Every structure is written in C-alpha cells, then in structure tokens.
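Each structure below is given as structure tokens.
Look at the two complexes coming up: subunit A is in both, with subunit B in one and subunit C in the other.
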Partner chain A sequence: MTEFGYNIHEDLMIDHDRPSPAFEAVLEKVPSISWCIACGSCTGTCICSDQTGSGFRKLVHFLRNGMYDKLKKTLAYCQFCGKCSLVCPRGINTRKAILEMKKYFNLYSNDIA
Partner chain B sequence: MYTDCVIIGAGPAGLKAGQLLHSLGHKVCILEKEEIPGGKLNIWYELFPHNESADGILQQMLADINYPIRTSIIIDSISRNSKGFLLRDQNGDEYRSRALLIATGFKPFDARQKEEYGYGIFENVITSVELEKMFKENKITNSKGLVPKRIALIHCVGSRDIKVGSEFCSANCCITGIKQAIELKKMIPDLNIYCLYMDLRLGGRFFEDCYKDSQVHHKIQFIRGRLSETNENADQTIVLRYEDTLAGRPAKLTADMVVLLVGMQPDHSILKLLPDIDERVGSDGFFGNGRIDQADQNSDNDLFFAGSCTGPKSIIQSTDEASEVAFRVNKYLKKRLHTSIQDQYDGVWIQHP
Partner chain C sequence: MTLLDTVLILPFTAGLLFILTVFALKYYQWFRALTPKNKLRMWKSLSLRSLLVSILEIFRECLLHLRIYRQKRRLWYMHMSLAFGWFLLIVIGHAESVFSTGHIISAPWKSVFFNYFSRGQEATGWQQQFFNHLMDLLLLFILSGLFLAVYKRINSRLLGLKRRPLHNSPDRIAMTFLWLIFPARFIAEALNHSFYEGGGFMTGFFGNLMHLPGNMHFLSDTVWILYSVSLGGFFFVLPWSRYMHILTEIPHILLKNAHIQAYQDEGCTEFHIHACSSCGICLNSCQMTNITAYKGQSYYFIRNMRNISGVCDRAIMNCMMCGRCLSDCPVQVDTLSIRLNERIRRNNDLSFDYAYLEQTEQKISPARIAFFGGCMTQLSPAIIASMKKIFSFYNEDYVLVDETEAICCGRPLYLSGQKQAYFDMIRHTRERILSCKPELIVTSCPICLTTFRNNYFFPVPVMHHSQYLVSMMQKGIFPAARSNVKTIYHDPCELGRYLGIYDEPRQVLINTVDLQNPDFRQNDGLCCGGSIADSEMDFRDKQEIACNALKQMIKPGTQLLATSCPLCKITFKTASIIPVKDIAEIYAGALPTRLTIEEFAESEQMMQD
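Right after this comes the complex of A and B.
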C-alpha cells in the first residue's frame, strides 16, 4: 500500500443539517428532553459513569446529533436507578426518556417468557 | 434658555430623569439629536422579558411630559464654569443650566468588524437591530424575498472579544436572542431556530423563564459553541462552522438567514465636547466608575451620567439608574438654591473646542 505519511481518520464533523428521526420520536413521547441545559449533573451522579463515562447528557447529545452507534452502546450501561432524574435541575423525566430510546432501537424486551 | 438641568438624550434614562426632576420642581430641558424622542426604544419592536410593545412603553413615557424636549439638536459646544454649563447648538440657540445630565446611551456594535461572520458581505447575514425592523414591518424574508426555514442566531457578536476591543459582556444580547427566537417562531411556526452561544447569561428577573419557555414551548435549539466563520452557498444560504463544545467536535450548520446579536458599545460622540470627562471614562469605554457611589460624595459635582452610557443596561435598569441620579441632581440643585438665579449664570465661561 502506498504510504502517504499520514493516516485516514474517521470524519468527526457534526452536521447539524442532518435530521435525527430518533430524537424527534423520543421528543414526541418525552417532551422534557428538549429542556436539557447540558449541566452534567446526571453524569456526575450516575452509578456507572465511573467505569463507563456514560450519563444522560451524553445520551441526549448522541440522540440529537444522530450518533446512534454510540447511543446504543451507552444505553446498555443504564440500570434505571433514576438518580439522574433526582438531580436534574430542569426536571427532565430521564428514566422515561431512556426507556423510550431503548424502545426506539428495539433494545428493550422482556426475555423471560 | 435658562434651566436647572439640561439632559442630553431623550431615551428611557433621559425621559425618566426629566420626568422626576420636573416633578421635583426643577426647570428641565432635554436635547435629542434624532428627530423623535425615545432613543433606542424606537428600534425595538417588543421588549424582553414580557414582550411589551416598545412603542407602547414609549408613549407611556411621553404621556406625562410637560417640559421641553428639543429634537434634531446637534450640540456645537459645551462650556462650563463654577456655576454651571452653557450649551450652544448648531442653530446658535443657547441653553444655560446649573447641572448637566448625560444620558446619551450606547451604540450597537458594528458587525462589519467581525469580517469572518460575513456581515456586509453576504446578504443573508443581518443584525438583531435589522431583525427588529423586520418585526416592525411584520415581514420576515431573506435576500430573495422568501420566508426562511432555518435561522441561526449568533450570540456574543462584539462582546467578550479582545479582537474587536470589547472584552466586556453586553448582558442583554442573550435575552434579546431568546426573545427574538420566540417572536420568530410565533410568526413562522415551522421555522427551525438555532442559537449558537458560549454561555447563556440570563441574569435578569424572568429571563430564565423566557429561556425555558423557548425550549419547552418553542423548541428552539441551543448549540454551545462560538461561531468561527461563515461561507455562502450558490443559493445564498449560509454555512456556519464552529465547534459543538459539548461534543468536543467540529460542526456545521446551513441556515437561510443568520442573525448576529450585536453587543452594546460605548458612544463617545459627547467626549469631543467635554474632553475633561476623560478621567471619568472607564477602561471599558463607558462613563462613570461602575462602583457603588455614595450619594454624599462628590456633592460639588455638577455633571451626571445615567442610562446605558454608564454600561450595558436593559431599559428597566436604565430607568432605575435615571431615577436614582435624578434624586442626586435634585440634591445638588437644592444645595445651590441660596444664590439668586442671575448670580448663578454670571461668571467666566471656559469653552472647549
């Protein structure tokens, strides 16, 4: 292979022109996600942020910007403890929002028949 | 004309101070360089945070005025001596006063200085002042006369920016942007609105309510990141480039129209008439020292400042300051009442070029 002297990287540009159907769908079910002011209280209190870096703010960010792969990965860490909804200064229904995100991507099912 | 106090500027601060000084029994005259009184109230359509009509507020302010407001006055010279001031206008009229109140307000930042934002180069980049004009005409259209579908509002244009010599926060543009976003959304319901901000500084009363209302009811989208540059597409839409600082990644956005929320700049036009107030101009260019001023201090001072010439202010802050300054002027004038009127105006005039 020809050596150019540099590597090809993934395009990191966020295109705010691109719509996010998942965001629109979840927004319709849980309008309060549009209230997020990205303060990060949710991440600070999240019981799995220490190990995974996850938090509700990030979920909203991934959802809004159409970064669905990362969103699905991060959604898997949530244990629905609800601490993020306790600390949210804007009163966002975070548990309901996460549940709706999981439902949208078919990541929520009861596998015990 | 012989007066107790001449007020320069018939904006909210000048009108408020004039009204109070008049009701306290002083002879007041307001000089205004524009053809109509009202100052910047004339350029706004509705006022934050309650969306009151700017014209309605102005009419209320003018309703109980029964002292002279001279409009279209260009002051040629201001002379002063130990007993007061002598002002001459371009028509040769003279105004003598024992105290002088400067309420000359601010001027909007000239967005051409931020060349990378494309104002004055791309037709669809406008300022918040021009958007207000569109609101007044009840017609929001882009350069092609079409109703826009996507509008970006850019915060902090000419504020907190050493490159244009304004390191201060203009304090009122954040709330102006949110107010304008809501007004736009009410006029064009299917419009997508994006606010590009660094911080949202919403310190005033009910401002946070406005912000939440814009998110909850109007679905205004807030993107944290300062605009870096704009480019124009062939169809005259504008491409914005910035960092989404919450994502830590570069981002772009296409908009039919870009509104620059221009900051408040000190207006120095009065300085050439009053060079000896140089020492009373702060490092940010606004008049006064911005400290808590003891009313009893500087009691011999006959020159007063009120309104947004002493720093970025909302209308309510301007009128509040004007009331306080009016009482200070009153105190000064009362102190000197013991000398006869004729005595007041005699003396040697020192005229500045």
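Right after this comes the complex of A and C.
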C-alpha cells in the first residue's frame, strides 16, 4: 500500500450514522443554518480564528456531525462580535445560531458526553 | 341610610378598599425589594426642595402630560382630559360636599354620589349654582376626551398613532369599566334633574328635556347603581391592568429624581413596569413595527413583564436597543435596562473561555494615541486607511491596537446578556489597549466608545474620532478643500442617544461638505437596522429596516450619506442607492496632500525636466 504521508484522524472522521440531536434542536430555532455552503467567509473574518482556528463554519460542521466535545470547546472561544453574520453570503443569522448552541449545551450539559 | 343607599355605595366602597389594600401591599413589597443603598438614597432625596421638584413633575406629567403635548397634540388632549379632568372632578366634588355639609372630612361616597344624596335639596345660593355648572363643565371636558378615546379604537391615525396597541383581556375589561363611569354619571345626574329641579348647564338641560313621569323613578336609581358598579369594577380589575400606572407614576417619579435606576434592583424595575401607561407611543417610534408582525416592541415587552406568564426568549432578544422608544416615552420607563436585565438573567451563565487571549497577546509599541477600530471597522478598511492618513497629516505618534490581532470590546456579549463573559473580555481588551501606554484613546466605533465610557474606567481620555477631528480643527488646522457634495448626516444610535454626541460630527461635515438636515435627526434619528443588540432578526428584516430608514432620510438631490459608525456604514451600504461614507473618509479626502522633502525635491526635478 502506498504511503502518502497522511493519516486518518479517528476523531475527525465523519459518521453520518451518528445522531445529532443538538443540530435538530438548533435547526428548529434557526432554520437558516441549513443554508450554509461552507464557503468559509465567516472563518476568514472571525476575530478569534487566528488564535484558536475556530469559525462559524467549523461550528456548523461539528454540530452536523455530532462532534460535541470539539463543538463545546470551540463555542467557548466565540467573542460574539457578529462579524460572521455581516459577511455571510447566505444571510445566515449566525449570532442566533451560536447563542442557541450555547443555550442547548448549557441546558443538556450533563446528558451529552 | 336606606337599603338602596347601601346597595348603591357597596360596589364603590368595596372596590376602593380593595384597591387601597392592593396598592399598600404591592408598594410595601417593591420598596422592600430595593437594595439598602437605594433605600438610603431614597430617604436622603426626600428633602423639601427635591420634594417640591418632584411634586411639580408629578403635576406636569401625571396630570397635564406635557411630554405627550410636545409630541402629539390630539393624543395629549385625550390623556390630559381624562387624567386632569377626573382629578378635578374628585377635588371639586369634595369641595362641593364640604361647602354643602360643612364637614371637611366626610365619607368618600358622600362626595362621589353627592347629587344622589342631595336629591330634592334646592340650590339656594349662587355658590351652589356655580358648583353645579363647574361640575358639568368638568364632566363635559372628560366626556370629550372619552369620545376621542373611543374614536382612537376606530381610527388611531387621527390622534397621530399609525399603529394602535392591541390590549389584552384585563386591559380591555378595565377600559370598558372606565369608559362606563363617566357616561353613567352623566345619565344618572341628568335623570336626577328630570325628577328634581336644579343641575348645571348640561345635566340640568338634558334633565329638563327628558320630562320622565314619576313612576320611572327607578331608572335614576338603576343608573346611579350602574355608576357605582362601574367604579367598583374598575377598581377590582385595576391590579391586573395597565391602569396601575395611575398611582405608580408618583413613586416612579420620586425614584427617578432620587437617581435610582431600573437596572440597579428589582424593586425599582417593578415600579418602572407598572408605571407604563401603555399609551402606544413607543409602538409608533419603533422601526420594527412596520416590518415584523411579531410583538417584541417595548409596549408588549413591558406588558408581558407585568403579566405572570412573562416574556418569551424571542421577544426579549428581538430588539435593536436603538433607544427611540425610550426617548419618546412620556413616562420615561427605562425599557432598555429592563430588557437588558432580563437578557442577563437568562444568558449570564453561558460558557466562555478567553484564556487564549492571554497566551497570544502581542507586544504593542508605545505611542501617544491608541487607535482602536473595533470589529466593525475591520470590515471597512477605508476608515482605517483614512484615520492613518489623518494621523500622519497631523504628525501624531499613534498605534493601531487591533490592526493585526483583532479583539472585541465586549459590548455584543453584554447586549446578549452574557455579563460574566463580558467582564472577562473587557479585562483582556483593557490590558491590551493600555499596554501601549497611551495618553489618548481614539475609536471610530460608537459601540466600543459606549463600552469604554461605561465599564473600562481608562485612566486616560477616550474620544470618538469625530471628537478628535474637532479638537484638531480647534487648533486651527482645517482641511483645505470644502466640496459642494450635498450630504446628509445619519446619527448613529449609540453615538447620539446613548452618548449624546451630536455636534462634533456635524462640525466636521460643515467644514468639508455641503451639509443638509434630514427629517429624522439627533434624538429622533433612525436606526440603520444592523444593530448588534438584535440577535433574533434575520438578514432580510435588517435590510428592510435599512431601506425604510434611507427612504425617510434621503431627499431628492442628496449625493452622499455620511455617518460616524462603521456598522451603520456597512448596513446602509448594502441598501443605499447613493454612496455611504464615514466622516473619517470624508475628512481624509478633504485633507491637502503634504509632500515630504524627498517627494518635493522629486517633483521639482520633474518640473525642471
């Protein structure tokens, strides 16, 4: 087998069978979150992406795929400035989505590993 | 006292006793909820002089409603005739009773049902006649206001309200009882005078006109009982309705004059929310009324805060916090603080982790001026470039604090109710700004400026860039060129209503462009719609608010829209048909180019060649 120098990261593997109740809950409150095309404008403008590598696109990715540990960690970095909502070409209400995610994990923090 | 007399006074007296007990209990409870510091402040404020000031304000605002007079004259007449008219009816009714019986203190029903108890007694002197006519005049005064109030339910535009408030059930029931009181009194007195002589110019005239036979006497008694029932009914529904404001406005004014703010404690918040008269003026100043069917405006917010059911999250977050309702409110209910408190109560414990800001902090070189653009200025690099040009022109020793590593001032966190996170954030931002040891901090963002002024407690002066430009102009260094571009200036909410900075941006513009005045300016300035305080509204609604604001501001022939807030600039730019610029860009554009010695020598050389 040819070695390309890349490894499979177990924790970054996308598993569509993994349920994401948080995504369902946030989607209900912020339907516009489903419009995300992962263009990365939000991450490009995010004021904490330089230091932490986070961004709204990443949050959506983690949320969709049920990667809650990473999501909770990344959510805590958000400074809530709202630049992402101003640059989003799809007009997603990113601040509300972030607030709803935070509220969800605050409420169900004990239930979710 | 006959059985009929007892039946007559019972509803009124029971209602009066009930409402007095409720007021006493509620006020005691709310006063107890005040913090000890505020209680002390309250007692200290009760000096003779400040009491006189408060009494004058109570007279002007609770009875004469002068703040409404300044805004909408017809609406003012409606409110004033009902409040002041009813007050005079009680006072003069009591005076009439005192004059007639000779007792200064008498049972309240004696004066309220004076004409019922004095049936058959002929008016003996001119004084009695005078009282009869005066009481009729007052009743006519109130009935004219009542007519306007009824008409307002049909067509509120006549009274200057584009949108009338939709009341809930307790409000409607209380209002029905209130509307019944005065016609019932009028008919009762007119019927009285149809059986007995006397009466003033109105009740006497209508009484004589009716000429009812003696066996219809029961009609008069029935209407007197209806009058008593409507009074009693009104008193019984009052604690659950908006009419709590009638008496609550008095302690509200006392607290306000003692400088006790709604955000400081729960007791004061209770006084604020019960002092709201639900007049609906805020509905008309709110720009969201036109675009959203959802009821999140101050009127509905305060009403739901009064109710046991409370306010839903969506209604609390769906507000731009522009402050237009607060500046128009005739009672000055601090809706913004109450809303913010409610947001903090719900969202304060959300998780945050800003430790990364400590690890990655860069060293910023020391400079005399620290320029903090803020997140929104980052999205409009033209403002940063203009400020650089301006600073270089004035040979300032400056540094851009957030040019390479951006950091937020924390206000979006605070406005969303995440107070803990906010205070953690301002600790980092404050340290970073002060690390360059500035003598002056300049920011181009009014949102940052509000936070800096309120919570940062910098040891050095903090200025908006418009103030900095004016200070430079006062030194005698003016921009060279003044263009004839017809410009209107948009007052940002945070800079205007929050910080009261109206003149400085105008001074900058007067010296650089042809400044025109829009209809909505200064305290009445419109919000751009992009407010960071509203995390609920979607992109389209924000755009619609921006479009509506532009329609109202831009006149034919306007060539440029100037503003002094980067967020307003960005929001308007997406909706405007004319160019939108920040005052820094306009000022920098008007500056003469100052050549360095090398550039000068180079240009001389080119001329010679």
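Everything that follows uses one rule, which is that the second predicted complex is superposed on the first by the 93 of 113 C-alpha atoms of A that agree within 3 Å, B and C clash if a C-alpha of one lies under 4 Å from a C-alpha of the other, contacts with A are read in each partner's own complex, and residues count from 1 in each chain.
The definition used in the following text is that a contact is a pair of C-beta atoms (placed from the backbone, for glycine too) under 8 Å apart; a residue touches a chain by one contact, two chains touch by 3 or more.
This structure is a prediction, so every number in the text was calculated from the model and none was measured.
Chemist: Mind telling me which of the two, subunit B or subunit C, contacts the most residues of subunit A?
Modeler: Touching more residues of subunit A than the other partner does is C.
Chemist: Could you look at A:M13 and tell me whether it touches subunit B, subunit C, both or neither (first, second, both, neither)?
Modeler: It touches subunit B, and subunit C stays clear.
Chemist: Which of the two partners, first being subunit B and second being subunit C, lies in contact with A:C84: first, second, both, or neither?
Modeler: Neither partner.
Chemist: Name the contact category of A:T52: first (subunit B only), second (subunit C only), both, or neither.
Modeler: second
Chemist: For A:L63, is the partner it touches subunit B (first), subunit C (second), both, or none of the two (neither)?
Modeler: Once the two structures are laid over each other on A, A:L63 reaches no partner at all.
Chemist: Using the superposition on chain A described above, determine whether A:A38 touches subunit B (first), subunit C (second), both, or neither.
Modeler: first
Chemist: Same subunit A residues contacting subunit B and subunit C, which ones?
Modeler: After superposing on chain A, subunit A residues 32 contact both subunit B and subunit C.
Chemist: In the complex, go through subunit C and note every residue touching subunit A.
Modeler: Going by the criterion above, the answer is residues 317, 347, 349-354, 356-357, 359-360, 375-376, 378-379, 405-408, 410, 412-413, 416, 418, 421, 425, 530, 532, 535-540, 570.
Chemist: Applying the document's contact rule, which stretches of subunit A touch subunit B when the two form their complex?
Modeler: It comes out as residues 12-17, 31-32, 34-35, 37-38, 57, 61, 65, 90.
Chemist: Okay, in this complex, where on subunit A does subunit C touch?
Modeler: Against subunit C, the touching part of subunit A is residues 32, 45, 47-48, 50-52, 72-73, 75-83, 85-88, 91-93, 95-96, 99, 102-103, 105-106.
Chemist: Can you list the subunit B residues touching subunit A in their complex?
Modeler: 194, 212, 215-216, 219, 222-224, 244, 246-247, 249-254
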